[in-house]
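Everything below concerns the one structure shown next.
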Amino acid sequence: MKFGILVNEGPYNHQASDSAYRFAKAAIDKGHEIYRVFFYYDGVLNATKHSEPPSDDRNVIKNWQKLAEDHKVDLVVCVAAGFRRGIVEDSLAPGFRISGLGQLIEAGIQADRMVTFGD
Amino acid sequence: MSTLHTVNKSPFERSSLQACLGHAQASDSVLLIEDAVMAALSGTAFAAKLADAGQSIKLFVLGPDLKARGLDPAKVVNGITVIDYDGFVDLAAENSTIHSWL
Amino acid sequence: MGEDMEEEYEGGIVKKFMFVNRKAPYGTIYALEVLEMVLISAAFDQDVHIAFLDDGIYQIKKGQDTKELGMKNFSPTYRALEGYDIEKLFVERESLEERGLTEDDLLVPVEVISRAEMGALMAGMDVVLTA
Amino acid sequence: MSTLHTVNKSPFERSSLQACLGHAQASDSVLLIEDAVMAALSGTAFAAKLADAGQSIKLFVLGPDLKARGLDPAKVVNGITVIDYDGFVDLAAENSTIHSWL
Amino acid sequence: MGEDMEEEYEGGIVKKFMFVNRKAPYGTIYALEVLEMVLISAAFDQDVHIAFLDDGIYQIKKGQDTKELGMKNFSPTYRALEGYDIEKLFVERESLEERGLTEDDLLVPVEVISRAEMGALMAGMDVVLTA
Amino acid sequence: MKFGILVNEGPYNHQASDSAYRFAKAAIDKGHEIYRVFFYYDGVLNATKHSEPPSDDRNVIKNWQKLAEDHKVDLVVCVAAGFRRGIVEDSLAPGFRISGLGQLIEAGIQADRMVTFGD
């Protein structure tokens, strides 16, 4: 089955991004496909290349990057939401791409299920 | 055609669980995750409401979120099923729509 | 299964989308960015529904004036939705009543339905997007 | 020695206003800002609670936040004073401590 | 006025600080970052109070185990506060009761007080920091 | 009177930063002093140099920068909270400085009043 995932909140301040990651990983491990992960609202902050969390905690951004690397998951950051919050090409971590909101609607159409994680 | 509702906030802090229970249909499932897992514990001021809701809808709670908060999966309200992320994925696949109450 | 519900539309898929608004405007950005999402969805020829319940009904309260806050008043955009053929706006009656509001307080034409009807409507959707 | 309490969330969505009112002292002031201004309007399901609280504590609401949300400052519950940011600063100066209920 | 309440301490000001915890841990980061703030405050020789009420009491619930979430379990740090001479921890009785919890469920020694007592305690503070 | 201000949330997603700015401006206009504005939790995101909001909306970051410029307001970003969320020297907008949490406690001690704006 094809899952689309929407992440509404940034890393660390809310658990939403962690929950979305764990859900995506479990889905892949069970043989499902992640059609796309779309980052909207403060969710775009998951794509910052400048994050350096303490070494005794998880690295939320790296978790997403590794998922994209290992399983070719499409990680899309909303361009308009990103501009507001300072996530632009200059500040984007590798593995993420910036695109329009249409990519979210398209995921809603193409994926069998759409799951949202937020505040 | 059925919906998986997810709720992620404590019923003591926010109204989202109440709103979810007010809209879920008889064939639906409700999954408590993140800070909503507090609602699943027996002995709280919310437990009776949840037990009531469990008469008509299927109730689930995410075990890893319970454990993180030091809450004992053995002490959840009768009728609530404790699941892990694999179970979450299964529920999302079995239901036709997922409605996240934020 | 969602796919059983789909109709063909110019060779494409048409799904029942619902954008659920339960939060007040300005205190958080969700109302504004959900509206941007709704506008984009118009380009995809989907069966779009917008639900306003709980504090979400304040999003379409008449008379919003943000000048003193220096924030953008985006409420006129709700009136533009009709031009995008987005006309299925639903408001929950109980949410209005709890807040002492009536349909006359709203800045766009909507269908006012009961909580039970809202629950039934939600149950028929393929994709539900919330914030 | 008195406290200015600020609340910024709707009482329909969160419990913070209730928590604030449960702890404020007789000489204190409570100021509703941002999404808490909804609580100030007469005719809502919360209005009676606020009117009650107004018997012992001083209640204020931020006018610019009311107007942004299309709420009429003339329709606030009796006993609530509508102020602007200047008034907010005055309240913060007049009280010895500011407690923001988040 | 706050300044009337201050005592001199080694030539400096000593204020009554209160860190108010009303939110559960892990769902949001506030619990963890408030704790980091509390630890830093120890270096300033202030009169530090920590209040746990509403969902904040879950922060000091025994038996937290975050392994399956991959998040850092920071609850042992509350036990270290004593070593920093931070010993004024207050828990609201009504908050415990609503959640079916007792003092035995908590991982650090605290003083359990009523809501009325908590209100009175808060009223005596110079600086109240919340999240 | 000297005010200290704590900002707990990032720009745009929450009104907290706008409210704090309006409060600070009103206080200055009334002849008070802003001892320091401290940005903690997601509040550190107010200091991003990459934000480019739509031209028909306010610019939250520029508002703070102008306040610092016009009135020498001390804008301090928590180093630890910033590291987690990608606000480091490389991504910092002019007008803000990065320092430790001690600067917040010190503001609580030195200012006559401490006002917090959050979610």
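Some points to look at:
In order of appearance the chains are A, B, C, D, E and F, and numbering begins at 1 in each one.
The working rule: contacts are C-beta pairs under 8 Å (C-beta built on N, C-alpha and C of every residue); 3 or more make two chains touch, one makes a residue touch a chain.
These numbers were taken from a predicted model, which means no experiment stands behind them.
Among the remaining chains, those touching chain B and also chain F are A, C, D, E.
The fewest steps needed to get from chain B to chain D, moving only between touching chains, is 1.
Comparing chain pairs C-D and D-E, the larger number of C-beta contacts belongs to C-D. Comparing mean CA positions across the assembly, the chain most remote from chain C is E. The chain with its CA mean position farthest from that of chain F is B.
For the pair chain E and chain F, the distance between mean C-alpha positions equals 25 Å.
For this pair, chain C with chain F, the centres built from the Cα atoms lie 34 Å apart.
Of all residues in chain F, those touching 2 or more other chains are 8, 12-13, 15, 22, 41, 54, 80, 112-114, 116, 118, listed in ascending order.
Counting only residues that touch two or more partner chains, chain B has 8, 12-13, 15, 34-35, 64, 84, 97-98, 100, 102. In chain E, the residues that reach two or more other chains under the touch definition are 1-2, 22, 26-29, 54, 69, 71, 127-128, 130-131. Applying the touch definition to every pair of chains gives A-B, A-C, A-E, A-F, B-C, B-D, B-E, C-D, C-F, D-E, D-F, E-F.
Residues 10-13, 41-42, 45, 48-54, 61, 80, 83-88, 90-91 of chain A touch chain F in their complex.
The touching residues of chain C, when paired with chain F in their complex, are 26-29, 69-72.
Every residue of chain A that touches chain E in the complex is listed here, in rising order: 12-15, 18, 22, 54, 56-58, 63.
Of all the residues in chain B, the ones that touch chain E in their complex are 8-10, 12-13, 34-35, 38, 41-45, 47, 63-65, 67-72, 84.
Only residues 6, 8, 40-41, 80-81, 100-102, 104-106, 108-110, 112-114, 116, 118 of chain F touch chain E when the two sit together in their complex.
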